[in-house]
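Going by the order they are written in, the chains are A, B, C and D; count residues from 1 in each one.
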Amino acid sequence: MTNTDTTATAAPKGRGRRHTRLADVDPSATLLDVRDLKVEFRTRYGIARAVNGVSFSVEAGETLAILGESGCGKSVTAQAIMGIVDSPPGFVTGGEVRYRGVDLLKLSRQERRKARADRLAMIFQDALSALNPVFSVGFQLGEVFRFHRGMSRADARKKAIELLDLVNIPAARQRVSDYPHQFSGGMRQRVMIAMALALDPDVLIADEPTTALDVTVQAQIMNLLAELQRDLNMGMILITHDMGVVADVADKISVMYAGKVVERADVHDIYADPAHPYTKALLESIPRVDLKGQQLNVIKGLPPALTDLPRGCNFAPRCRYARDRCREDTPHLYQVTTPGGDGSGRTPRGSACHYWEEVVAQ
Amino acid sequence: MTDIQSAGPLGQPGPLHGEATSLPPGDGPSTERNASLWADAWRELIRNPVFVLSSVAVLAVMSMALAPWLWTSLDPQDCEIELGRQGPGGGHFFGMTKDGCDMYASVIYGSRPSIAVAVLATLGVVLVGILTGILAGYYGRWVDAIISRVVDIVMGLPFLLGAITLLALWRKREWYAVVAVLIVLGWPLVTRIMRASVLATKNMDYVQAARSLGASDLRIITRHVLPNAIAPVIVVATIALGSYVAAEATLSFLGVGLRPPTVSWGVLITHGTQWALSPGHAYLLLVPAGLLVVTVLAFILMGDALRDALDPKLR
Amino acid sequence: MGRYVIRRLLQFIPTVVGAFFLLHYMVSAGIQLRGNPARAFFGERTPSPEMLAAVKRLFNTDDPCLAQEGNPLHPFNPCLGLFVERMGNVAVGDFGTDYRGRLVTDIFLSAAPVTLRLALIAILTEIGIGVLAGVLAGLRSGGFIDYVVKISTVLAIAIPVFVLGRMVQLSIVPFARWLRDNGASDDVMGLVAVTYKLDYPWLSLVIPGIVLGVLGLATTARLTRTSLMENLRADYVRTATAKGMPQRRVIGVHTLRNSLIPVVTNLGYSFGVLLGGAVVTESIFNVPGIGGVVIRSVRFNEGPVVVSMVTILVIVYLVVNLIVDMLYAVLDPRIRYD
Amino acid sequence: MTHAVTSGGMSAGEVVLEVRDLVKYFPITRGVVFKRKIGEVKAVDGVNLQLRRGETLGVVGESGCGKSTFAKLLVSLEKPTSGGISVQGQDISRLRGRELTRARRNIQMVFQDPYTSLNPRMTVGDIIGEPFAIHPDVAPPQDRRRRVQELLDLVGLNPDHINRYPHQFSGGQRQRIGIARSLALKPEILICDEPVSALDVSIQAQVVNLLEGLQDELGLSYIFIAHDLSVVRHIADRVAVMYLGKVVEVGTDLDIYDHPTHPYTQALLSAVPVPDPALRGHRDQIVLEGDVPSPANPPSGCRFRTRCWKAQEICATDVPALEPRGGSDHPSACHFAEERDVVHAID
């Protein structure tokens, strides 16, 4: 472990007064290491613990998928990493987001902004609302270069055209002065990607990038993303609810439920031997295009309200493995060893279930 | 219907009933909001001190207009011209009007014509506006084209200028002429709001569902469109009521509104403006104008509070 | 953009004609219902038939259509022939004369510069202070400034302009006296004058202009505030932040432009309010502008002069609205490329 | 044709719904005062389909392919430009007034969005009871409450919740309310327009299972419109694939998913991700270029030709008919139809 690491752990909890600096990055440290991240929303109906102690890490050239249903806190996690949680009502109340060893949560505003510009980038689900309707895409792309690289208008425009070319938008030279509403859904998402890639980020966070798109367009966009990620050697965090998309592109997966990571594993292991009842139930509840006559299993009930989480395991009320212990004792992330894994042990597996062995065995 | 009656629980009772039974009895997913949206808005409103205060003020003013004798035992007609413009004091806490009547009694009784004009004008504007708004929004096509064009045209006449013109040609300014002019020039605003609201509601799937069940237009409009589209109109109507109270006064001031012997707030304030700059007579303006401003303010604040409570975007 | 402009221009013509027709129709119906304003002009006196006829001709109300008691449409006869005739007159700039024979257009032109100055001061107040207050309140919603802006704007909306004008005068009088006693310069005295002073064509209009602008200021501030707050929550604002743009650029460029769209669209409507308010303000501050003329014509029962004056103002209003719509298209490309 | 495979058993084969040459064009107008037509959006352009008793016909396609307009035509929310819709032999597309209202009892719709398809100002009892209010002869007033409670029970909701408002229910529960409403008049046919696409994955299965259970119980026939090909495969007996207002391929689920012959079907299926990382790189992947063209200005000849890797000159001139081709026995509208398995692993 590195120097910055120890000083940061020694620093008082909560938002440290002492700012760390982006210049302190250690190139040998993990690209992005999120530890025990906590975000809460203070609403008039109480405090919603949207993210409740989430940890994961990504290396360069790696794709981590965060999988979960709506309201599980996956998008808020992404926003907390970027530092764009709407505040109020949202507050990051704990944890660390280490980029190459530097805790982004302890950066000054100015440095944080620089990190957003240069190191991290994000793609949003709905490109139509994520792009400003009153500026041309050329302006919105070029702005990044004009502002962060001090380029002239003409140069920024040239760069914008290059980027549009990079994401395969036909006739980029003409389309650069068009407005977002003049593009189709798929093209808009390409513009979004171009904007994210403008300053060669090391980490790309894609928040449901294809949910609003048709399957054939989804395939185009996912291929483009995978290709760019490989070429630019980025670490990618893919946030989605679609288990099919994840199976195609992710290297490893963290499954979230009610603000917590309930299972994490290598992509092959998790589909072969899910070790958490939630993951297992999800896999059994989705139909597959290549199978007929499948029995769809149903997960009874609803996810808990984040303002009123149950005691013990959050999933216990819906779980078919649940016992008394589950309603009392909050499970931590147990280390999982699966018999059926391919033995390479690329990613340490974890499952937040007291009875994970039983889940794997069945 | 026998097949459904005999159906009972289906083949897979567990999963089918799971979602419903897993909830604690009597609890929906959001326990805080356990009633209709109006009830919800109401609960928020009665906790809002601004709304409570402004509705108390509105109720007070309304009772003045309906039953002025509850507020004063004095007769506003009981005047002595020699006492005109006598300042506050000597049993007349708010002084005497220009014509030597008790100012307090005059202001109380003066609420009636002012409020009556505002209430009637608002009623007319809302009725015409809702009707035309529904026609334009629901039926679309040429009905909408015609109504929207007429709305544009009437909106092409600035409100006060239009009112001055129309009333200038009316020799005696009876209350109903003022009401008529306010309605003629005011309805397009409500039409526009209602039309937009109906258009938004009309595209909701529950309207399509009712139509696919074979519901008549009348049923769809009264049961589905109107209840869901009317909230913004209620907000606007509340604020309009206040602004019509002010409009009555302004028209009186310009010499085209109500005029003596009718004693309205507008008439009293107009007298006040004529005398206010001479020393010691400011009360002639400040007393009736103060009450008018409080009234208008109450309606506006009430409308604002309603908007906040009814606007789903703020939830 | 070109098609939008053409479409707007094409819509402009029927609106103008329609507005004139509405005005004409209500005026005609008024005459048919309530008698000829030429008669009202003489008040209590009984004019000779010749004099009455002469005034009717002067007021352009001698059309027999207005007195056709037997007509089934009476008293709601639209008198289309008269309307066409009047439109013809309007088209060549003939708005008739007052009872002394002065051309209404001349009266209008001589009074217009004063009103123009007054309106300019009012609009500057309205936009400048209104947008600023709205932005400050919207950025710190729930904060102290927001509170102050909220209260003062609601108050400003609740007080009728003529009451506000008189109250401002009431509070200025002692202040002006004190200034005079302390030997303030003439310019300062011009500024705090309670009525218009010919010697100070700008200074003595500052206070009336601000009074006139207050109502628009309040609506502008409220609109800016809500619009800004709505846009601050928009996804594209989050995108701008995620791009690493500093706060002032996120707000100054990405949020403000979008927030000002509804404010601009409201400007046209608020100009109509301003015209009405100008009549009131000019009357309170004795400003010899168009409003003064309108009020005088009302007092002297010169209804047709009022109609002519208002007709000209409606043209001005509609032209301003047309310009505002063009401005709207400049701000919002979604309209332009419809 | 031999593709009439049905489920349910009992009176299989009887056609309950037949669509002939169904066309719906929406005019595009321009003009300030007088609207003149400058073009048409060809939303549905000559669709022929049959639905048999107890069968589920899946209709799949991407946004803009006309499948939602098709659903609205079937339940008479839109009037067809031409063509006919026969429900049990009666052409409902020409009906008006009371006759239409009566005919609606046989064909009802389940809507996509459970949040906008229920009137927020009405109680659940009023929502599910509205069909009885509109068709008073179906249930006498004193029976209505009981009938509503039976329907609630049927779709797996607590019958005591009759006086609650929609916002007190979750998305899945709301969709059950919508299904209960559509069943009130005992229709033969349900048109399900994307009934699960607005729901979370863990809730989708509940609604899919409910629909399947109801079909077995009540002998319903479904037209199941969706963009999610996996769900359609699960529930449908036969599948029609739509592209730009036309059906390009139709057949049993086996025909379409395991033996597709139209290039568009193949591309569509290959784009569907399979939740199994073991198949990664082992499936035939076809990535189409570009977006779906505008239905206001569809390409000449075969509409898919602008994105098709097989397109030749004939595709621009001749509209391919929907007929069995390329050694396959199910109809496909491609001049160069050829079977290609894109769903399963190829090696």
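Operating definition for what follows: contacts are C-beta pairs under 8 Å (C-beta built on N, C-alpha and C of every residue); 3 or more make two chains touch, one makes a residue touch a chain.
Quick caveat: nothing in here was measured; it's all calculated off a predicted structure.
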Of B-C and A-D, whichever chain pair has more C-beta contact pairs: B-C
Distance-to-centre winner among chains (Cα means, whole assembly as reference): B
Where chain B and chain C are represented by their mean Cα positions, the distance between them in whole Å: 24
Centre-to-centre distance between chain D and chain A (centres being mean Cα positions), rounded to whole Å: 34
Chain A-chain C separation of Cα centroids, rounded to whole Å: 54
Mean-CA-position distance for chain D and chain B (Å): 46
Junction residues of chain B - those touching two or more other chains: 15, 18-19, 29-30
Shared interface positions of chain D, touching two or more other chains: 170, 172, 203, 205-206, 209
Multi-chain contact residues (two or more partners), chain C: 11, 14
For the chain C and chain B complex, residues of the former touching the latter: 11, 14-16, 18-19, 21-23, 26-27, 30-31, 34-35, 37, 40, 154-155, 157-163, 166-167, 169-170, 173, 194, 230, 269, 271-273, 275-277, 279-280, 283-284, 294-295, 297-299, 303, 306-307, 310, 313-314, 317-318, 321
Residue ranges of chain B in contact with chain C within the complex: 149-150, 152-162, 164-166, 168-171, 184, 242, 246, 249-250, 253-256, 269, 272-273, 276-277, 282, 285-286, 289, 292-293, 296-297, 300-301, 304, 313
Residues of chain D that touch chain A when the two form their complex: 62-63, 170, 172, 200-206, 208-209, 227, 229-231, 233-234, 253-254, 257, 267-280, 285, 287-288, 290-292, 343-344
Parts of chain A lying in touch with chain C, wherever the complex brings them together: 79, 82, 84, 86, 113-118, 121-122, 124, 126, 129-136, 143-144, 147-148, 179, 181-182, 195, 198-199
Complex interface listing, chain D residues touching chain B: 72, 75-77, 100-102, 104-105, 108-109, 111-113, 116-122, 127, 130-131, 133-135, 139, 147, 150-151, 153-158, 161, 164-165, 167-170, 172-173, 176, 178, 181, 183, 185-186, 203, 205-206, 209-210, 213-214, 216-219
